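Each structure below is given as structure tokens.
Across the two complexes that follow, chain A remains constant while its partner is chain B and subsequently chain C.
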Partner chain A sequence: MSDYRGYSGKSLEYLKNNNINIGESVKIFADITYSGIIMPRYEHSDDKHLVLKLKSGYNIGLGLEKIKKIEKENSDKKKIEHKVEYKKKISLPKILLLSTGGTIASKVDYRTGAVTPILTAEELNSSVPELAEIANIDAEVLFSEYSENIMPEHWLKIANKLNEYCKSNYSGIIIAHGTDTMHYTSSFLSFALSGYPIPIALVGSQRSSDRASSDAALNLIGATRFLLGCKTNGVYVVMHQDKNDETVACHFGTRVRKNHTSKRGAFQTIGDVPAFIVINDEIKRNNLKNFFKKKEYEAKINLKTNVALVKYHPGYDPNLLEKILEMNYQAIIFEGTGLGHIGKAMYEKVKKAGKRGIFLGMTSQCVEGRVRMTVYESGRDLLNLGITPLEDMIPEVALVKAMWALGNSNSVDEVKKIMLENIASEISN
Partner chain B sequence: MPEFSIKDVGLKVGLEIHQQLDTNKKLFCNCPPIESDEYTIKFQRKLRAVKSELGEYDPAALFEKSKSKIIIYYANPQSSCLVEQDEEPPHNLDEDAKKLVLVIASSLRSNIFSEIYPMRKTVIDGSNTTGFQRTMLVSQGGFIEVDNEKIGVQSICLEEDAAKLLRDKGSIREYSLDRLGVPLVEIALEPVEGEPKKIKNIALSLGRLLRSTKKVTRGIGSIRQDVNVSVNNGGGVVEVKGVQQLDQLEKVVEFEAKRQHGLVKIIEKIKNSNFKDISKENDVFEITDEWKQCKSKIVQKALNDNFRIKVIHVKNFAGMFGYSPYNGIRLGKEIGQLVKFFGIGGVFHSDELPNYGIEEEDISIVKNLLKTKENDAFLIIAAPTDKIDFAIDSVINRIRDAGRIVPSETRLATQTGETVFLRPRPGASRMYPETDIPPIIITQKELDYAKNNIPKSWDESITELRNKYNLNQQLAEQIFDSKYIELFEKIVQRIKVNPTFVASILCSTIINLERNGLNAQLLSNNEILKSFELLGNGKIAKESIEMIYENIMAGKSRTIEEAIKNASINTVKQDELDQMLEKIIENNKNMIKNQKERAMGPLMGIVMKELRGKVSGEVINKLLLLKIRNVLENN
Partner chain C sequence: MSDYRGYSGKSLEYLKNNNINIGESVKIFADITYSGIIMPRYEHSDDKHLVLKLKSGYNIGLGLEKIKKIEKENSDKKKIEHKVEYKKKISLPKILLLSTGGTIASKVDYRTGAVTPILTAEELNSSVPELAEIANIDAEVLFSEYSENIMPEHWLKIANKLNEYCKSNYSGIIIAHGTDTMHYTSSFLSFALSGYPIPIALVGSQRSSDRASSDAALNLIGATRFLLGCKTNGVYVVMHQDKNDETVACHFGTRVRKNHTSKRGAFQTIGDVPAFIVINDEIKRNNLKNFFKKKEYEAKINLKTNVALVKYHPGYDPNLLEKILEMNYQAIIFEGTGLGHIGKAMYEKVKKAGKRGIFLGMTSQCVEGRVRMTVYESGRDLLNLGITPLEDMIPEVALVKAMWALGNSNSVDEVKKIMLENIASEISN
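Right, the complex of A and B next:
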């Protein structure tokens, strides 16, 4: 570590003037004498302190004005890196692990306190040795992003990489992914890779894997078991079912949502039980329907991002819709209220959008339940204005599908047709 | 056997106390620290052993890893939330706890850091759902003055308490989450030389300093003492955990000093012998088959349970296992305790055999197999296959240490003031920053506030109490150290009642009722206040207070009013009383004629048995005396 992570202004100057880098052992003479290692500083901290890791392991912040003198100390004995031999059992089925980021595989360096991602199969194996007992795992890093920073371009990257492996002899593919937007990615892959022959599991963790309490290991082990034993294909999100370290739930990638900010069992299938669950080495199938509605693999890896997701609420300014039209958006997915309604005040702008040839789809902010716009007058009015009800599609899934549909069609009628066609179980029949 | 003289061993003791703070909420969430037996939430976890970064060969750590227990947690939503379940990140550090620890650090003249970093200290036995304890170093240095000597303070930390262990059986360990997250202040003192009594005084003074803040919890478990003990030439420092009472502390220090000095003597004896080393490859033999005919009950049971039996050949070690420099201190006993860590009952060694049903025949088999010479010794272990090799590795290491050093280990204090082996010394503390919580900046304003709010010393507070309320020393100390101190002051300031009486009710009466198994938690401060109000207004008698409290603490009533009804207090009217006394006088006329006024004694006894609490004793006394005198005059 030779950069000055976190240090700026006065504290950076102080370190540089004394020729001291982060990670070096020092002796600091202040009100009492401190011995320790200089640590990086948090971003957004002031420039008036140094961070020191004491021999006891504790970190402390020392004010520059209290420091009388600072000296470098001879560094301790070199840390021994024990290389663990990783024996692949050739006879076991092969699994590919594609890493896109997230805390699912990370380790901590106690000396510096840094938590860094695990990138190689060897590191993964020493963190979750159980995997090597059931599968022969190849690990590949696509990129390393927190999932809140994942963009549609990343979906394309993942889909294209998967496409490269469509004819491989992997029994299953695990995609390590951050949890925040995992269901967006799983949705895109479900449409772009319809009929993909090898089952795919997106796996994340709510507690980073440097902790002994991490849900990562069980999720990975559960996902591996699932992929090897499910005897079907599809795109699934695999996470803890609940707060126990027991059952792993495998959700259809188009019927799942992150429903809690922090619980292990945050992911839930909407309106149904998870398609599969894994308890120890037993796999139980709850949903007998095939994930993909078409058998043949057809890769359509394209999208257009000019789709707006509009969550209607009392007081929604119809002029916002006008702005959306001005910005050349080609589709609007409404998250309406109840059975799929938006207020009267919006009708004029909706009509305008419809006339312009913008695709208008309706989902519900209730999330669970089916949109049915023939029941009430408001619904009927909206149908008349050209809004397409999207059955029980989850709003986020509808958004992703609309992006994908726009990328694979030439007219609004084609978009409508694609949106209403059940491709990857996004609509429950 | 020589007498043990503690003055000559170079005893050094480092005291470390953990005290719960009485902030009424936890350190990283708003839950109140209520202890209960009712749990509506139950869930299970498995903590994964974290890979050691040094890659050292540590049999204990490997064993712990192989144990892989299932941990079951019980929670009561009244005292814990998603944070304790590790289903939600921690909230910000509690301000009250922070303020309090700054005051404590200032009282000890300790140097408070300008930035305090919460850290994660890896703990994988299950006592923290997250797999780590959140702890932060607040200050270093400082001192406490005890008997005119300045005892140095090493460090002061603020940390969260662990979950309470409910059961530990087989492969399942159960905890409750009530206590998890309660704020603790940990104060570590510099090691001092001196006798156990001095250590006890230091602990007492430190406890009193904390209590003088009036914001630390009281009662069993609210303060825990650990001591780090070492002796000259020992080379190791032993951590003894779980000392809850001060008398126990003195005994524990004394015992540990003796044990360690005994081990030093064993070191010397071994150094002067021909003992060299033990080879794992060549000196360990299996005798499971050879001992099938052994008649010892213990051995037979082990064989029935499918245990393996192995023997370690220790050359040139005869007499060392059984050598007892002081009463009760033996290497053989140390090793017997060591294997309990692996769940193994004990070991047999050559110095104590034949015994336990193991006979000369069995011993001969071993000797022939090992080809032992006259000066050799051996040690036998019976254990299940998955444990026996870990245990043997530990035993071999311990025998090797026996000739060089007093091993640094963690021991547990027993009720009788001894120590038993608990676990091997943990590896270097695995701590890394708790990045879910930003560093805590301490402002000059906060430092000044703390300095200006250093509480009066314990001595001053006691003197003040004595003078204000005319209490004797003992009662003043008791009430100040009790959890009722604030209630006490409230009562005596509001109600015209003798402070000594109030203090003794709050200190002795309630505690005695608790000792009889009743629950003081059921008696709220509000009800106590009410009872004294009624007393002050003459509505109830002094004697009835104990009866009322008893009724409530037994769960029979919830309020004073209910208790008065249920315990039939104050149900006797003046004319009823008169009639009752007349009857008793009638039945005892002869005794009265004979004993005259001395009949008061026994008669009061009879009357009070019936009327205790229902009428004031003074009133009965007066009336009875009148009636007795009446009888005497008229006869």
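Right, the complex of A and C next:
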């Protein structure tokens, strides 16, 4: 049966003339020679490109005018069957994939074009057949949410599910997650499950698998290789790195941020280098610091959400802080300016908050670098008002940590103590 | 008269043995040969370093153990006198320096050690004598505030003062400003004074001039050279660039952010390259795009501050948005996730805000990259609720622009129109 989904005009004609269907393995001779599988396209794409999934799992678009020749390789169907056999080999290590939604946890139905969640290990294997060569994957769908709809209650669900598997025979666990709020979730898991015995990788994709230049398969394969080869534990965000089509970066779960709205190398480790780098099947420990202070597993899966993130700016109305006090928030994380400052117009309300026993923490909207509140008079004033400088903790991470600290303590002093304790490399040395 | 302020122990002994005072020009032979002026030190510094101000204006600390030999060059006093003569030369172009506070607008009194504002052109010339060689500087103190205390009313003061000089015979204007909120001020000036006939440079220093590795003089000299040589107009932030000790970057006033709490190269152009680079006395146009759309000067020095910046995160309580509505804000700038999303729990309040005629704009907390709200269902929902995607405007810049737009319009439709019009390169092409 022929299948040309998304192809039209010249590109459709080209495929037909060469008797090549979607899903077939081909060799394309252009500026260099590409080997891979012909992928389906969007309905409304232009008609001048073929989309090819390379062996690394990376999708590229190739302009027809650059293609000198196209040749079939082995039949793809045969290849998939071959891999399903691999999956059954009990000699391969086991990986658990928990799916929470997002592009990464979806597949495109080639017939209908709809994006649907991956529900079974079999579906996953046929979606990313390369995985079956390196691990036996068990897949489980926890829920299916875009990441902007993932709430603290979802973090609890994920953490509780992971806790169930803390004594399993898995070598590692992948959490498929939308990219937008992935670093909030990875922070919570880092704190709630510190010392978890096996490594956990949150994996997303910046571009969906039906698009040219999708990083979905690449990231899944990279994360699996990382989990099998890293020989350590901890929570990581594993995403495509920008430099080439083969590199995947494994970021500390508490030091990572989505720093670009759309490009594939959007995730970056803040103020440090990624923990590990995966290039094809090679896993390199990239950060030689002694990370993750807590080595023994202790699940503390609690939180309280009444933490406010206050980004200070010129013209910030102190009455808004008053409203926050009225709403009975128990902690405020300031995103101050520079080394950790807010204007003196805020002092009166800050003082009031401190007197009420609200935890007050300072981070910087600069994102990179450490707050230092002893350098200038303003900083010293704020220290006197009871604000705790949170070193070089990323504002979003400080927010999540404060929610978790509130859920695991009985007094503001305990919260303060927890906030300053380096639990999962959220503070750099 | 001898002067060894801040030197003690071995470093003091070394200076005395070589008969060299603070303020003298010397040549130091170490790994390479350094020429510069011996600077005073902090009271409590270690006694193993000399601080040398290089000709570029950059201060360095040199370990005694590395110094092979020290030699006097010309007497510094003579040099300063020489420069005062230069200053009087009417052939030199004129630069106006408006001082608003911050480290850059201060000098260290060598006798008392106190940091005091620079009040006159004479003081400035003796503080950074190199300036008198390239321009006649008139200095004026507008006010003296740490930048976290600079408020929208200060922006108005600066803009009105600049407007007074719009038909002067200055070649350019320097605004000395604390670094923390410099990019908020530069944004306001970019909008309020678009098309201003001569270039404006906001200059700060990440480290004060009494410290080894201060960038104060370097930035002032670089800014002066830039203003004299750039042959264009617009508002720029001119700050030390990290790569070496000689390079100063001139960032667009609406595309710059302080991205590090403490390091000297903290200021970065977001999503683009700096407009100009100054290396010693060479000025290079670094960004070849056709920037600054409005070429004719039109002062619009108005604003309203009732704009809220709402940074969305998992667990953001929609009731906080309700409080913002109660406070009669007229515009809300969302810092959404990824391509410009907020969770569906927020929809009801967003809808309410839209119905009240509040301007709702979307930016991304990723900082880099463009919002695109047509890619995912969530984005399309938010568009239907009346949120306006603000392209790749930096959240802080969108906040300032909304304040300015409110001050210069009578309806939400006008605000929306202004927000989407590219006035001062705040939106990339």
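By definition in this document, the second predicted complex is superposed on the first by the 331 of 429 C-alpha atoms of A that agree within 3 Å, B and C clash if a C-alpha of one lies under 4 Å from a C-alpha of the other, contacts with A are read in each partner's own complex, and residues count from 1 in each chain.
To be clear about the criterion, a contact is a pair of C-beta atoms (placed from the backbone, for glycine too) under 8 Å apart; a residue touches a chain by one contact, two chains touch by 3 or more.
Please read these numbers as outputs of a predicted model, since none were measured by experiment.
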item: Which of chain B and chain C A:Asp31 touches, first, second, both or neither; value: first
item: Partner chain(s) touched by A:Ser126 [first = chain B, second = chain C, both, neither]; value: first
item: Chain B versus chain C as contact partner of A:Gly63, first or second or both or neither; value: first
item: Which of chain B and chain C A:Glu246 touches, first, second, both or neither; value: first
item: Touching partner for A:Phe143 - first (chain B), second (chain C), both, neither; value: neither
item: Superposition-derived comparison: chain B or chain C, residues of chain A touched; value: C
item: A:Ala217 touches, of chain B and chain C: first, second, both or neither?; value: first
item: First (chain B), second (chain C), both or neither touched by A:Lys263; value: both
item: First (chain B), second (chain C), both or neither touched by A:His49; value: first
item: Shared chain A contacts, counted only where both chain B and chain C touch the same residue; value: 261-263
item: Touching residues (chain side chain B, partner chain A) in the complex; value: 43-51, 53-55, 82, 85-89, 111, 113-117, 119-122, 124, 129-132, 135-137, 140-141, 155, 157, 428-433, 435, 438-439, 441
item: Complex contact set, residues of chain C against chain A; value: 146-152, 154-155, 179-181, 184-185, 258-263, 266, 305-309, 311-315, 317, 319-320, 323-324, 326-327, 335-345, 364, 366-372, 376-378, 392, 396, 399, 403
item: List of chain A residues in touch with chain B within their complex; value: 31-32, 42, 45, 49, 51, 54, 56-63, 66, 79-80, 82, 108-111, 113, 115, 126-127, 207, 210-214, 217-218, 242-246, 261-264
